[in-house]
Every structure is written in C-alpha cells, then in structure tokens.
Amino acid sequence: MTRHPTVQMLIRLGTTVSSLAITMFGLVLVTFFIGRVIPIDPVLTILGDHARPELVERLRMELGLDKPLPVQFWIYLKNLLQGDLGRSVMTTNRVVDDIRLYFPATVELGTVAMIFATVAGIPLGVLSAVRRNSALDQAVRVFSLVGHSIPIPVLGLGSLLVFYAWLGWAPGTGRVGVGYVGLTPSVTGFLTVDALIAGDTEVFWDAAAHLMLPAGVLAYFSMAYISRMTRAFMIDALAGEYVITARAKGLSPARVIWRHAFGNIAVRLVTVLALTYAGLLEGAVVTEMIFSWPGIGQYLTVSLLNADMNAVIGATLLVGFVYMLLNLFADAAYRILDPRV
Amino acid sequence: MLVEISGLTVSFPARQGRHVAVRDVSMTLGTEKLGIVGESGSGKSLTARALLRLLPPAAEATAKALRFDGIDVLAASEKQMGQIRGRRAGLILQDPKFSLNPIMTAGDQIAEAWRNRRKGSRREAREAAIDLLAQVQIRDPRRVADAYPHELSGGMGQRVMIAMMLAPDPELLIADEPTSALDASVQAEILKLMEDLVSRRNMGLMLISHDLPLVGHFCDRVAVMYAGRVVEELAASELAKAQHPYTRALLDCMPSLTHPRPRLPVMVRDPAWLA
Amino acid sequence: MTARLFDRAWLLSDSPQSRTQAAWGRRYRLWRDFRANRPALIGFVTVMALLLCAIFAPLLATHDPVAQNLGQRLQPPSAAHWLGTDELGRDVYSRLLYGARITLGMVLAVVALVAPVGLAIGCIAGYYRGIADVVLMRVTDVFLAFPRLILALAFVAAIKPGMTSAVIAIALTTWPPYARLARAETLTIRDADYIAAVRMAGASPGRIILRHIMPLCLGSLIVRVTLDMSSIIIFAASLGFLGMGAQAPSPEWGTMIATARRFLLDQWWVPLIPGIAILVASLAFNMMGDGLRDALDPKQG
C-alpha cells in the first residue's frame, strides 16, 4: 500500500520526534540518577565539613534533597521543561546562565576546528583515493593514522610546547590575551564575532590568534577521520559503473571525479561531518582543559571535581542534546539530499 | 577502417606473475555490425574497453596496433582520448541500474553528454536531451528527463543510456551486453532500436554478448572468443558452417522448437582450445 | 598433525582432504596476507613487545616505580634514570613499565566485559526480532546518543574516581556499537537456508544462536575489537588526564601526564614521555587492527 507523500512525511516526522523524545528522556533519566548518587555531599560542599547540623538540615530541605528520588526526578523534569536547570553550587549562578556564558566558547572553538578539518580533510581524502597507493596516498594514510591514534593531551601539550614555548608563534592559553579580557560587549558570545561587531580589530586578531592552536589540535583529530572516510567512500564510488559511463562520455577527469564520483558520496559525507562535529564536542573537553579555554568542557570537568551536580547534569544534558540534534541532522540530510530515499 | 586491433594482450597482476585475460586478439571493424561472443571471463568486454582505454587501473594492455580511425589509442594523450570517448565512440554498459549516475536526472545526464560536444546553453541542452529521448522512442520524454534512474524501468534506463551515447553523434557504438539485465520481452525492442539507429546514422556497432544466436541474428560478422582469444571469426550468415568445436558446441547447446531433443548436450571442453 | 602445520604444500592445497586441512589452510593464508602487510606486522610486534613489558615489568624495571627521591626530581634522561625522573624523583622508565600493566589490563578488562555482552544482546535482538529487538535497540540508541567521554566522566564521578570505575564507565559506553554490529550480522544469517535446516532438525533457539550464529559474528567482532583497542587506550588515558581514571600514585600513563603537566615548559620530557607511550600503544593497535581487517576483508581499505 502506498500512502500519499505528505502522509508519509508526517508519519516519518512523527516517528523521528517520538524517538527523539524517548532518547531525550533516557538521557535525562541517566544523567539525573548519576548526578544524585554522587557520593560527595553537595550540602557539605557548600557549607564546609564543620557546619552546624541544623544548618545542614535546612539547606538539604531547601535543595529538595530530603524527598525520595522519584519525586526529586519529577520536580527536576518539571523544572527542566520550563528551561530551569537549577543553580550551580560552585558559581552560585543559574546553570542556564552559566551555559549561556560558557557554551559559545565551545561552539566557536568547535566550528573553527570543523572548518579546518573539512577544508583540509575532504580534498586530501579525494586525492588519495584518486591516486591510490601513490606517495601522496601513503603520506595521507600515515598522517591520518597518527591523527587517529594520538591522544589529545599529547597533541595539545606537544603543540603548546613547540608553537608557544619554543617557536613563539602562538600566544598562550585562554581565549584572549589578559589585557584584552572584557573589552568587547558580549553580543553573540563568540569573541571573534563580538570583536568585529564592536569594530575592535586588535581584540579580533588576538582572539583569532588564541583560537588557532586549540582549533588546530581539535581539527587534526577530526581531519584524520574525515579524510579516512572520504578516501574509503571515494574508492567505492570510483569503482562504480557510472564512473565508467561518465568517462566514456568523454568528460574531463576533474568533472568525472567531482561531479560524478564525489557527487555520489556528498550525502554520506554530510553524515560523517555531522557526526564529526558531534565528536568534536567530546574532544573539546580535554582540549579546553589543556588550553584553559573557558568552554562547556572545562565547566563540566571542574563541576565534576567539585560534585556540583546541577551543573554536571545541565552541561551533560546540553552536550547530549546537541549531540542528538546533530545525529538527527545527519539522518535528515540523508533523506533530503539523496533522491533515492 | 574505423577500428583496427592487432595482437592485443591485456593482463593483470596476480599472486604469482601476471594473469593474462586477453591474449593476442586481432580484429577490424568498419561501418558494420560486429558481434563479439563468448562466455564470462573470455575477455570480450576487456577487448572493447581497451579500445577506449577504460580498463581498470591494475590492467596493462599491449598491442601491435590498437587504432581508432588511425589514432594510436595506446600512445594517445588523455586529451586525444577525450576526443574519441563520447564524441566519436560511445559505450553502453550492461545494467542501467549501475551505469547511470543515481543522483542525476536522466535529462541532466544526457544534456551533459550533449554539452560536452556542442557548446550550447543549458536550455538548448535540455531541449536536445528531450529530443534524443524521443528518438529512442520514449513516449513521455519530458517526464523521463526529470526522472532519476531509480524511477525508471530497466528498458527505459537502457534507452536513456543509448540516448546519452548518441548525443554527440558518434561514429562507433560499443554495446557491452546491453540487454543481459533486461526482461526477455524488452531485449528484442532495445536491440531493434539500436539496430535502427545504427543503420540510420551509418555508424559502426560492436555488440558484445554471450548469446550467439542473438548476435548472429543482428550482426554482419561474428567473432567468437574463448579464454582470452578469438577462436573463430566469420560472417553471420555462415554461422551454420562454423568450424571451431567451441562455436559448434555453443550452437548445439541451444534448444530448438523445430527439432526437439529429449536432452540438451553438455559442452565438453577440450584443453587443446587453450593452446 | 603438528608437523603438517609447517608443510606449506599441505596448507595451500587447492583440494583439501579434510575439514581440518581446509580450516588450517584458510588460517595460513590469512596469516600470510597479514604478514605481507608491513605496518600490520610492525603493529603486531609492538603489541607483543608491550605485552611482554607488562608481564615482565618487575624484571625489566630498574627502580621501584613508587619509590620517591626528592633530591633527584625532574632529572633528564641519564644512565641512572633512562627516561629521567618525575616531580617526586621517581624513575619514569620503571613507572612506564608498570603503567603498561595498568593500560593493557584496563583494555583487556573492557574487552572482556563488552564483547560478550554486545554479542549476546545483538544476537538475541537480531534472532528474536519483535519486542526484544525494539527494546534492546532503543536502549542501545539511548547510549549511542550520549557523547561517550562525557557519559563516562559523569559515571566515574558518580561512583568514585579510580581504575575499576573507569573500566566500568568505558565498558558502559563501548558496548552499543558491538550490539549493533552483532545484530546486523545476525539479521543476515538468521534467514539463511542452513539455519532453517538446523531448526528443522529440532535445534533449540539457544543452540542455534550459540552454535551457529555467534561463531559467524565473531570474525567482524574481532576486527572491531582490535580496532577499538586504541580508542579504549586513548579513552582511559583521557580519563586519567582529567583526574577521573586511575588515581595519583598509580603509574597510569594518562595520570602521569596530568600530574607532570605543570612542568611542560621547563622539563617537557616529564609529561611528554608517558604521552609518547600512549601514542605508541594506540598506533600499534590501530596498525594491527587495520591489517587484520584488510586480511579478513580485502575489499575495504
């Protein structure tokens, strides 16, 4: 039985949304219970180890920690739906506000890294597939094998050592030089963009310079994956019969490679790119710790070490949510861009 | 002479030494219909692809002569090959499901072939594509032009393929098992269409198939290949007088309505054929 | 029989006389393909060397890995301390050797937890389809929707930072792809005629899954495990680096980087040497895994 396309579309949309909701609920459930079984007592974290018992009791009730877990979860869920993630014990701000402060830094870092990785990774992958087993192909394979195998702490610390300490090409850690902190009003939260809006080129260049090294580290990690996948897809595509047809039509090699072979893998690559971007968020956690980058990864790690559970849950949920959206986007891109689906 | 092949050998690297897939093959083709018949692995497709230099990257081809209209294919530059492929010679592959680009509409793929030869606008190319689709007897060319390959039946797909290869008005059409992937009822239509177009446009045709009676029916001349060699070459009308035991055996394997037999003979391969 | 395993002609025979001969012939060809692949062989040898280092760490070590000597702190490599000393004057070379035990031990523990669980869940979901499949795959989806590192971080923090919780956390975030893989394989196998034949012969579902489906899923699972080992190593090191893995006096490589980080600018070798150890181990597993995949499935790569 074939249904009307619109109906089919609606059904598909419905399934997607409901599976998204289920996954999201699972996400909240898991993070919540992880957050609540943290053995470090948040009340003692706030008040210190030697607080008077009645004070401890009062705060416990204020934070709703005396209620049974399911009730706590229900309250949390209700607040969550109203966009309230609670307060961070550590910063004393609302977690939502903290996220608004820290997340743009991660997005800025991740996006620049993604641009680097895509611009370098795709052409390298295509070229090494076209010239399979050439010296270039071997070089790309080694390069991406190392990128695939190197832990970010090593890459990050190593690049800091070489480019900052030895060569002096890169500025140190952080988002911007100490003298420039807080000079531009925050509009988008992306420091480079904000500096441009404020017309302050000096801050812009300083912020851009600070971006290069951490973004490069993240990009190398992702580029290894992108070029590897591109190469594999292209080898597959180039073996297709339609490539022979395209060559038999007398088209130029460039057109055969890019229009016909690459055109056929572009959709699959969009999926890879979306997943890579999601993976970048993870890599950002370690990268931010190394480069003292005030992003969501640093926020999360510091909160974890301080048992600041509202902050931990909030940050984990946010990253999980973005991760899920990117997965969804990858899936949707496939359905929209590929005429066969 | 349009095509001149002499002493063509195609080989692939193997675990030990090289595997020779085409061995010392010679044939010529003018403005006529030549059929090449053989079982899978006999080297018939490789022979045709060598002529357009479309062999797999691992393959290595050598020949005393491999010429298209006097041009030495093995020595030609990539640019010269671009002049032959798609302009002077077209290639039709077996299964349109795989040989058409799945993400381009049929019209776009034909228009691309047309524009490669004639510099025209996008609009002109589209009109030309629709005209070509009409020439391959597609009833609703405008709709088919906007269709993606997966929306077309096998027969339709193969018509699109033919239209695409005819777009630049080539002198030679190579058809590599053009009907093997199609339903029996459609096969005859497609062959008839190809025959019509080829004779009307005064082109040469190289028809590759494993179906000897079919080739004998459509072509002027037939070359029979076995294990990388041409074992026999004869006029289609003289097929009945074939000498080589392999050709005879191929003919003998066919069931006949006029002379039914209780059991079809099974071919007994003689190692001497390989020598 | 054993003598025959060294007889190439017997192994490479085109017409094996017995199932044993065919099986050994196949294994020999696989090994020959693998061996011809130089990076794969280098990876394999390195992994073996690491394994030996880990096993014989007490014999190979020149110093006690936890013995402090504050008078000798942050020394560059020398004859007395082959790879220098750390911020508490401990011998880095000896610590690396003991660290190999921790790293490889964690990898093995994760694999031992994850592979059977993933295989079982995937095969059951794929074989029974229906509700079991839907529920199990939904659970898999929830886990796949999490960024792995972040889930593991949250999980470790929730129990207690340490090696055991790190292993559990890594295992918890690693199994879903295995279940997916096993399920996909099972789906292609379950409707095959020979499975129908076994079923017709009266075999129970348990027997079919255990004896006929799981063995066929093993090949791709092994390749996946080998390729995953490097990411487990990096994962464990990242947890250690963030202070959520093995705890401070332990010579876990990631933890060693974290504690020596602040000496990067002046005594750079102290944080970087354990980093290089991680890189070497993870490279070796990747090279071995790539080679294994190419040998088992020459189409890819």
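Labels A, B and C are assigned to the chains in the order they are written; within every chain, residues are numbered from 1.
The rule is short, and it goes like this: a contact is a pair of C-beta atoms (placed from the backbone, for glycine too) under 8 Å apart; a residue touches a chain by one contact, two chains touch by 3 or more.
Treat the numbers as computed from the prediction; the structure is a model and nothing was measured.
**Student:** What topology does the chain touch graph have (line, ring, star, complete, other)?
**Tutor:** Contact pattern: an open line, chains touching in sequence.
**Student:** Quick check for the class: compute each chain's Cα centroid; which one is farthest from the centroid of chain C?
**Tutor:** Computed centres place B farthest from chain C.
**Student:** Taking each chain's centre as the mean position of its Cα atoms, how many Å separate chain A from chain C?
**Tutor:** Spacing between the chain centres: roughly 25 Å.
**Student:** As a quick test, compute the distance in whole Å between the mean CA positions of chain B and chain C.
**Tutor:** Centre separation, chain B to chain C: 51 Å.
**Student:** Counting only residues that touch at least 2 other chains, which ones in chain C make the list?
**Tutor:** Correct list: empty.
**Student:** Over in the complex, which chain A residues touch chain B? Could you list them?
**Tutor:** Spelled out, the residues of chain A in touch with chain B are 132, 240-242, 244-253, 260, 263-264, 267, 338-340.
**Student:** Inside the complex, what are the residues of chain C that reach chain A?
**Tutor:** Where chain C meets chain A, its residues are 39, 138-139, 141-142, 145-151, 153-155, 157-160, 230, 233-234, 237-238, 241-244, 254, 257-258, 261, 264-265, 268, 271-272, 275-276, 278-279, 282-283, 286-287, 290, 300-301.
**Student:** Please output the residues of chain A touching chain C within their complex, sorted ascending.
**Tutor:** On the chain A side, the touching residues are 19, 22-23, 26-27, 30-31, 34-35, 37-39, 145-146, 148-154, 157-158, 160-161, 165, 232, 278-279, 281-282, 285-286, 289, 300-301, 304-305, 307, 312, 316, 319-320, 323-324, 327.
**Student:** Note which residues of chain B are touching chain A in the complex, please.
**Tutor:** Interface residues on the chain B side: 49, 52, 54, 57, 78, 82-87, 90-91, 93, 95, 98-104, 112-113, 116-117, 148, 150, 161, 164-165, 168.
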